[in-house]
Structure formats: C-alpha cells, structure tokens
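Take a look at the structures below.
Each of the next two complexes has chain A plus one more chain, namely chain B in the first and chain C in the second.
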Partner chain A sequence: MDRFVFLLSAGLARGAVLALFALSLVIVWRAARVVNFAQAAMAVAAVYAAFAVTAATGSYWAGLLTGLASGALLGAAVERGLMRRLPHHNPLPGIIVAIGLVMVLQAGLAIAFGPEHRPMHPPFSERPFIIGGVPVLSPYDLFILIAAAVVMGGLALLFGRTSLGLQLRAAAFAPETSRLLGVRVPRMVTLGWALAVATAALAALLLVPTELGLNPHAADLLFVNAFAVAVIGGLDSPVGALLAGIGVGLLVSLVTGYASAAAAPLAVLALLTLVLLVRPGGIFSAKEARTA
Partner chain B sequence: MSPNRWKTALRALLLTVLAIGATFGLDPFRNYQLATIAACFAAVAGLTVLVGLTGQLSLGHAVLMAAGGYGFAFTATAVEGPWALSLLAGLGGAVAVSGLLGLLLGLAAARLRGPYLAGLTLALVIALPSAASTLPLGADQGARAPFFAVPEALSALIALEQWHAWLAIIVAALAVTPLVMLRSGRAGLRMRAVLDDETASRLSGVDPGLVKAGAFVASAVPAGLGGAVLAIATQQVTPGGYGLAFSLLLVVAAVIGGLGSIGGAAIGSVLVVLLPWGVDEIVAATPSDLGQRLDGNLAVLLFGAGLIAMTLAWPGGAARLLDRLRAARPSRFATPSTTTER
Partner chain C sequence: MSAFACKDLTVGYGDGAPVIDGLELDMAEGAVVALLGANGAGKTTLLRALAGLEPARSGAVFLGGRDLTNLSTEDRVRSGLSLVPEGRSVVVELTVDENLRLGGLWRHRARARKAAVEEMYELFPPLDRRRDAAGHTLSGGERQMLALARALMARPEVLLLDEPSLGLAPQATAQLLGVLRATAARTGLTVLLAEQNVTGALSVAQRGVVLSLGAIVADRPAAELAADPALRHAYLGF
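What follows is the complex of A and B.
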C-alpha cells in the first residue's frame, strides 16, 4: 500500500510534465494544424541554452527564463523560416522537414556540447516528504505541479479570456474569415508556435533534472509519451491533454514500479494503439472534422 | 505474365548479374558495404513505394527490418540441415514475421492519416529496446544469426565477404523485383487512386482500407528481407542496430532518392551507407576532441540539412534528375510521376 501511494504521487508529477508537453503539441496543432515532430529537439535546444546560462550565472531562475525565451524564439524562427514555406494541404512535407530539423538540431547540439550526459541540478530537494510513514511528493515534485498548474491556468486565461487569445483561436479555426475581419493570421500562427515551443521547453526543463542528465536525446521518450497523451486526449483538446497526461503519467509510474522500467514504453505503445484503433480522434475530441 | 513483367524480370536479372560481377572488383570491406547497401535498398524500396504511392509515412521501417532479422535468425537457427535449406527457412521466417507485423501496422494505418501513423510508428521504434528486453529476444545482446560459410565449390574462388555480398544482392533482387511489378501493375494504379481521392476510388469499387493495409504488407516484406540480409552479413540482430537514427536514415534515403522511385531508392541507399562512412574517414583525420564530437554527428547534420533543403526546394529527389536525363529519349511506358506534391 505504501508503495502504491508513493508510485501514485510520483506518477502525478510525471503526468504534469507529460500534460504540459502534450499541451504544447495541442497548441501547435490548434494554431497551424500540424503535429510538430521536432518539438522535443527544439525544447532540448532551449534547455541547453538554459543550462549554459545557469552554469555562467549560477542562478536557476535566470536559466529558466532564458530557456523559455529561447524556446519562444526558436519556435517563431522555425515557423517563419521553414514551416510557412510548405504546402498546407498535405501533412507529409511538414513531417519530413520536422524530421530533418530533429537531425540537424540533435547532431548540432552533440557537436557543440559533446554527446555526454550533463547533470542538471533541481532548484529544490528531491527528497520526498514523509507523511504518516509513507514517502510522498518531494519539494521538487511540488514545484513541478505548481509550475505546470500556473502555466496551464495562464494559457487557459490567455486563450479563453483575452482578445489576443480570441484572435489566436479565430486564426486557427477560420483563417480566411479572420483575415477579412482584420486579424493578422500569419502573425498569430507564428505566435502560436512561439507559445508552444516555450511550453515544451518548460516541460523539458522540469523533466531533465529528474532523469540521467542533459543530452541531445533527453526528450525523445518525453515526445513519444506526450504524443500518445495528445492523441488519447484528442489533439484539439487542452483539457483532454491534461487528463490524459495525468492518466498516462500514473500508468507509466505504476508499470515502472510493479513490472519494470523497460515495460513502460510498451504499455504506452499498447495504449496508443488501442485508442487509435477504437477512437482515432481521441477520447476527448468533440467533432469529426479533421483533414490531416 | 505480361510482356511488361517479363521485361522487368529480365532487367532485374541483368542488374543482379552485373552487381555480382562487380563484387570481383571490390576488396572485402567494400563487399561488406555492398551487402549493407543491398539491405538498405530492399527496405528503402519498400518505404518509398509506401510513402510515394499511398502517402503513408512510416518512421518505423527499422523495426520491420529488425522483425525480419529476428525472424531470420530464429528460423535459420532452428532448421537443421544443408545450408541452403537453413537459408531458405530463415528467409521464409523473415517474410512471415515482418509481413505479420506489417499487416498489424497496416490495419492500424488504414484508419489513420498523416501525423497519427507517423507518431504510432515513431512510438514503435522507441519501444523496440523495451520489447527486446521484455520479450524473449535476447535483450541488448540480441540474437545470433547462423554463419553461412562459402560453399566448397566456390571457396577457392571468392572470399567470405564476397559470398555474403552475393547472397545480399540475390535476396535484395528477390525482394525488390515483385515490388517493381506491383508498382507498375494494377495494385500500383489502385494505390495512386486512393492517394489522389479516397471517395472517388471507393465509388470506383476500390476499398481504400484494403489498399492501404495491402501496401503496408507489401512494404514490410522487403524491409524484413533487408533485415535478413543484414543478419547474414553481421551474423547477429541487436535492437541497438535498429534505433531511431537508423530508421530516420531510411526516410532520408527515400526522400533524397525521390519518393515513389525504386531507382531513387538505390541512389538513396548508396548515399546513406557511404556518406557517413566517408565523412567519418575525413573526421578521423581532424584533432582528437573535435573529431570525437564530429564523429557520427556530422553526417546526421548533413542528412538533416539535405532533407530540409530537398523538401523545400526540390521535392522530386534524385529520381527527377534521372527522369530529366531520360526525357531526352522517348519512352513507350511512361509512368506517372509521384512526388510529395499533390
């Protein structure tokens, strides 16, 4: 029972990171109707920037801000420089260019920083609190949960309550009409990419200190799991991403704890296959209209 | 068989004999590289037909190769007897295992589009090491494939690597030739119809789901045979050899060669085998620290940049260059070009 509670609490923090990364995929999907396969590599590039700044200044928070800013810049640059130039009616060229970008970024990072794992230290202790003799969340887990909640709340406010959010949604759903109504659609798409990659960078920044260390492939598994989460939740649905993220986080934690760490990717693959076969649009997707 | 098919078979036979003749001019290491190229060619040919003709992008063809490799290793080891019997049984095992996995993926693919299928196959590649350690596949050490020595009649004439290159060329030819016939025949026409307009093809009595699943199987079997070729040449199958990097290289080869083109697949396979080797040879000459960082990475960087440049600027790939050269002389059997553009 103690073990179960511990695994559940560990899964909760893991799920928050997954949900955050899945949310970043949902934002790109809603803004541009593409799945960004380079999201993990771009996020890791931003984490390297954060790592360099933290190493230079000694401040975790300066690094965090740098990571978010460089993620946003990278997202905007990729959208302006590459994705905009591709045909929109066919998803294939976008996926292939994203794969090329993954190869360029990962190889470039390995050349620039070396292929070894660089340890990143969390700003808070990873020693769990003991409540009633049971180890539960650590201060760092709590920080992850709070950061994820703040960012998700902020994004929900942005999209749901502000004029900018309305323009972002309008540009994504009806580009032609919004253009006629004076929304600068290309700028909104760029902004969507910037927001998404910054969110992904935050998720990777939160994840890396709990893993083996920073290396160019640090977020590969995160991307695959988050893709599964986004698909299970429905690529259109932020709420779906949140719920599915927590669910998959708990699943991974329980499978790792009771079976083995090696079985976790298989469990996610099985779940993804099952959902795609039974409900290809995802569990929380509202409507059938999907063109890509 | 129609005259067209005889022509294809004859051309395949001629190319096979030419390739086997070429092995006499190569040293053992070059022959080993030739066997690797043949393995990649089989897999890339399958992938390029799948992507170019049906628009289904698979990032997981390395896993299908691995499935073929494991199938080959286990059946060829299990069947006792003369080497030819064991080889044939192994190839049969490779076809069965990769075909079965391809069918499962194809059934899923029939319901999925673009990014969903790519994501599912990506998850499959990432899960391969887990599968190898959870299922009885020998974990990271992988499985041992039987060793095929040079037959006595030939042992005075050729070296071991050359013999393996012969086997590789013959298996690759057997894997790719049916694919070429499929592509230019009725099945290829159906695949193009489904790619162009699913509704219209359904109205014409073509079931898109069936065509997509069938295309996946037809693409998985050559990939599995490619895996069997690699198992012959290296005498082992390890999950590490079929990782994400290798899987993406197959996509690079298909795109750089030109999606849908078998000749392009050959060009792409030569490139993805020889370029990393050539780059690493040059890098080995640079000072140690920088050289260590560039080793293996520089080639990936170049391929990534090439992939982006190719998709943005020249979606037809190398195959279009061939077409342009060929356009100078008239051809009776003009095949419709298939590119990433629709």
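What follows is the complex of A and C.
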C-alpha cells in the first residue's frame, strides 16, 4: 500500500509535466492546425537560455522567466519566419520543416553547448515528505503541481474569460469567419505559437532537474509521451490534455514501479492504441455538429 | 457621393477566364440593393472580392470615398464593410453570446459591447432564449439570425449578405428579411443582398442588379425588375 501511494504521488507530478507539454501541443494545433514536431527541440533551446541565465545570475527564478520569454519569442519567430510561409492546404510541408528544425536546433545546441548532460538543480528539495511513514510528494513535486495548476488556470482564464482569448479561439476554429469579424487572425496564430512554446519550455524546465540533466535531447521522450497524451485526450481538447496527462503520468509511474521502466512506454502505446480503436478522435474530441 | 462603389472590378481564379469582368457598381447611402443571378453568375465571387477574401485582378473598391482596394479583409471590416457569407457562418464551437461579442470586439468597449449584445437579443428574440447554447446546437434559421446579428454588432456602414435565405423555410426567410429591412430603414445601413430567392430579395430592396457571367445585365428599380417577365425568363429562370 505504501508503495502504491508513493507511486501515485510520483505519477501525479510526472503527469502534470506531461499534461503541460500536451497542452502546448494542443494550443499550437488549435491555433494553426499543425502538430509541431519541433516543440521539444524548441523547448530545450529555451531551457538552455534559462540555464545560461541561472548560471550567470545564480537565480533560478531569473532563469525560469528567461526560459518562458525565450520560448515565447522562439515560437513567434518560427511561426513568422518559417511556418507562415509554407503552403497550408497540405500538412506535409509543415511536418517536414518541423523535423528539419529539430535537426538544426539539436545540432546547433550540441555545437554551442556540447552533447553532455549538464546537471540542473531544482529550486526545492527532491526529498519526499514522509506522512505516516509513507514517502509522498517532495517539495519540488509540489512546486511542479502548483506551477502547472497556475499556468493551466491562467490559460483557462485567458481563453475562457478575456476578449483576447475569445479571438484566439475564434481564429483557431474559423479563421475566415474571424477575419470577416475584424479579428487579426495572423497575429492570433503567432500568439498561439508563442503561448504554446512558452508552455512547452516550462514543462521541459520542470522536467529536466528530475532527469539526468540538460542536453539537446532532454525533452525527446517527453515529446513522445506528451504527443500520445494529446492524441488520447483529443488534439482539440485542453481538458483532454490535462486529464490524459495525469492519467498517463500515473500509468507510467505504476507500470515502472510494479513491472519495469522498460514496460512503461509499451503501456503508453497500448493505451494509445486502445483509445484510437475505441474513439479515434481522442476521448475528449469535439462533439458532432447539428446539421438540420 | 455614393456610400459604396466598385470600379472596373475584375476577379478570377488561377489562369481561368474572369468570373467578374470589369464590373462597375454604385450604391447610395442607405440603399438596399438586391444582387440577382443564376447559379454561377458570380454573386458569391463578387461579394468575396468586395470583402477582400478573393484578390481582384484589377479595379478598385471605395467606401464613403475611401479606397479599400489595398486593405486586408480585417481592415475593410474595421473600415465599416461587413460580409455575412453563404452557409450560416457561425463559429460553431462558440456560444451564441460569444459569437455576438466577437462581432463587436473591435467596435465597442466592454460596457457598450454588452449594450449592443442586448440590443441584438431584442432584435432577434430566438437568440435571447439560446444565449449560452453552442453554435453547433442551433437550427439553420437560428444560425442565420446569429450570423446577421453578429455582423450588425460591428455597426457597419455597408452590409454584404450572401444568400441569407439558403435552406430556410419561407417564414424564417420573411422574418430575417423583415429585420434587415427595418434595420436598414432605422440606421441608414447600405445593403447589397445576393439572393436566389428573387421575390423575397426584391420585396425588401429598392433596386435590383442582375448579374450574368460576371457582368451586370440589368440595373433597375426593384418593382420594375419584378414586373419584367422577359428579364426574369432570360436571367433568373422563372
């Protein structure tokens, strides 16, 4: 039972990171109808900027803000400079350019900073609290959960309660109709990319201190799992990303704890296959529209 | 000065023959003009080009003397030109209330926007009953009402409407056209109404323009046009 509680609490923090990264994929999908295969490499580039600022100033928080800002800037720059110029009637050019961007970014980061893992220190202890003799969440796990909750709450408020959010949603769902209502759709798409990559950068920033350290491939596995999460939840659904992220985080933790770490990716793939067989659009995919 | 005009407008797709060919149209302020024509006459293409959704090969578009030709669709809308496209262009993922607010975002600040939304609910009571319903749950008539109300939220000077009666029952069509006529009379709104429903369109318009193969073949007072059987047979098919 102790082990089960420990694995659940560890899975919760892992799930929050997965949910955040999946949410970033959902945001960019909703804004531009593109699966951004370069999201992990872009997020890691932003984490390198955070790492450099933390190393120079000694402040984790200055690094965190730098990571978010550089993620947003990189997202906007890639959309304006690259993605916007591609033909949109076919998804293939976007996918190929994104994969090319992964190669360029990862090679560039390896040339600039070296391929080795650089340890990143978390701002809070990773030693779990002991409650009733059972190790549960660590202070850093709590920080991850709070940070993820704050960002998700903030994004929910932005999209659900503000005029900007209304324009972002409308531009994503119906770009031509939105233009006919005076919404500056290209600006909304850029903003969507900026928000998405900043969110992905936060997820990577939260993850890296719990893993081997920072290297150009540090978020590759996170991307694979988060992509599975986004598809399981329904690529269009932020709520789907959140719930599927927590679910997959718990699944990975339990399978790792009770079976083996090697079995965890297989469990995620099995879940993905099952969901795609039963509900191909994802669990929380949009409902069918009335046609009469 | 005319409220709205296009000069020598030519529009086409790819390398094909122009769909709209050197078209000239002038509309006085507050005029309701019916744009008539058979399928393929170029009505939708003309309206989309006027709104900036289709690039013109040549020609110019003026609103109150301002040249809109080089403006994007968004900027044409913000200059006072609104298009309600064919096919109940509601954002189905948003609620009725959100659709309406979206229509007035650039025009009104928060309090004025709320007042404008309430005004639309008074104008279209069926929408008032479905404020929080998602667009995809609305009936065809409700969607068309919402599309029109949303366009009116921006208080446009010129409203372009593409087949608002498409797929609607006669009663719903009459209700919609009635609101349109009353709004135009009350606010001085200039309306270009593209319709297959010739009788309905001519009943609310003062003037009718018949389009055939991208050119205007008749431009007369609505009553005169409705009473000309030769023209109806030749271009409108009834």
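Definition applied: the second predicted complex is superposed on the first by the 286 of 292 C-alpha atoms of A that agree within 3 Å, B and C clash if a C-alpha of one lies under 4 Å from a C-alpha of the other, contacts with A are read in each partner's own complex, and residues count from 1 in each chain.
Throughout what follows, a residue touches a chain if its C-beta (ideal position, glycine included) is under 8 Å from a C-beta of that chain, and two chains touch if they have at least 3 such contacts.
Keep in mind that what you see is a predicted model, and the values were worked out from it rather than measured.
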Dominant toucher of chain A (residue count), chain B or chain C: B
Contacts of A:L166 with chain B and chain C, given as first, second, both or neither: second
Partner chain in contact with A:G257 - chain B first, chain C second, else both or neither: neither
First, second, both or neither for A:L180, with chain B first and chain C second: second
Chain B versus chain C as contact partner of A:L277, first or second or both or neither: first
Which of chain B and chain C A:M103 touches, first, second, both or neither: first
Chain C-contacting residues of chain A that also contact chain B: 290, 292
Chain A-touching residues of chain C, taken from the complex the two chains share: 51, 53, 72-74, 77-78, 82-85, 89-94, 98, 101-103, 105-107, 136-140, 150, 154
Interface residues, chain A side, partner chain B - complex: 34-35, 37, 82, 85-87, 89-93, 95-97, 99-108, 110-112, 114-115, 220-221, 224, 227-228, 231, 260, 262-266, 268-269, 272-273, 276-277, 280, 290, 292
Chain A-touching residues of chain B, taken from the complex the two chains share: 51, 55, 57, 59, 107-108, 111-116, 118-120, 122-124, 126-127, 129-131, 133-134, 244, 248, 251-252, 255, 293-294, 297-298, 300-301, 303-308, 311-312, 315, 340-342
Chain C-touching residues of chain A, taken from the complex the two chains share: 163, 166-167, 169-170, 173-174, 176-185, 286-290, 292
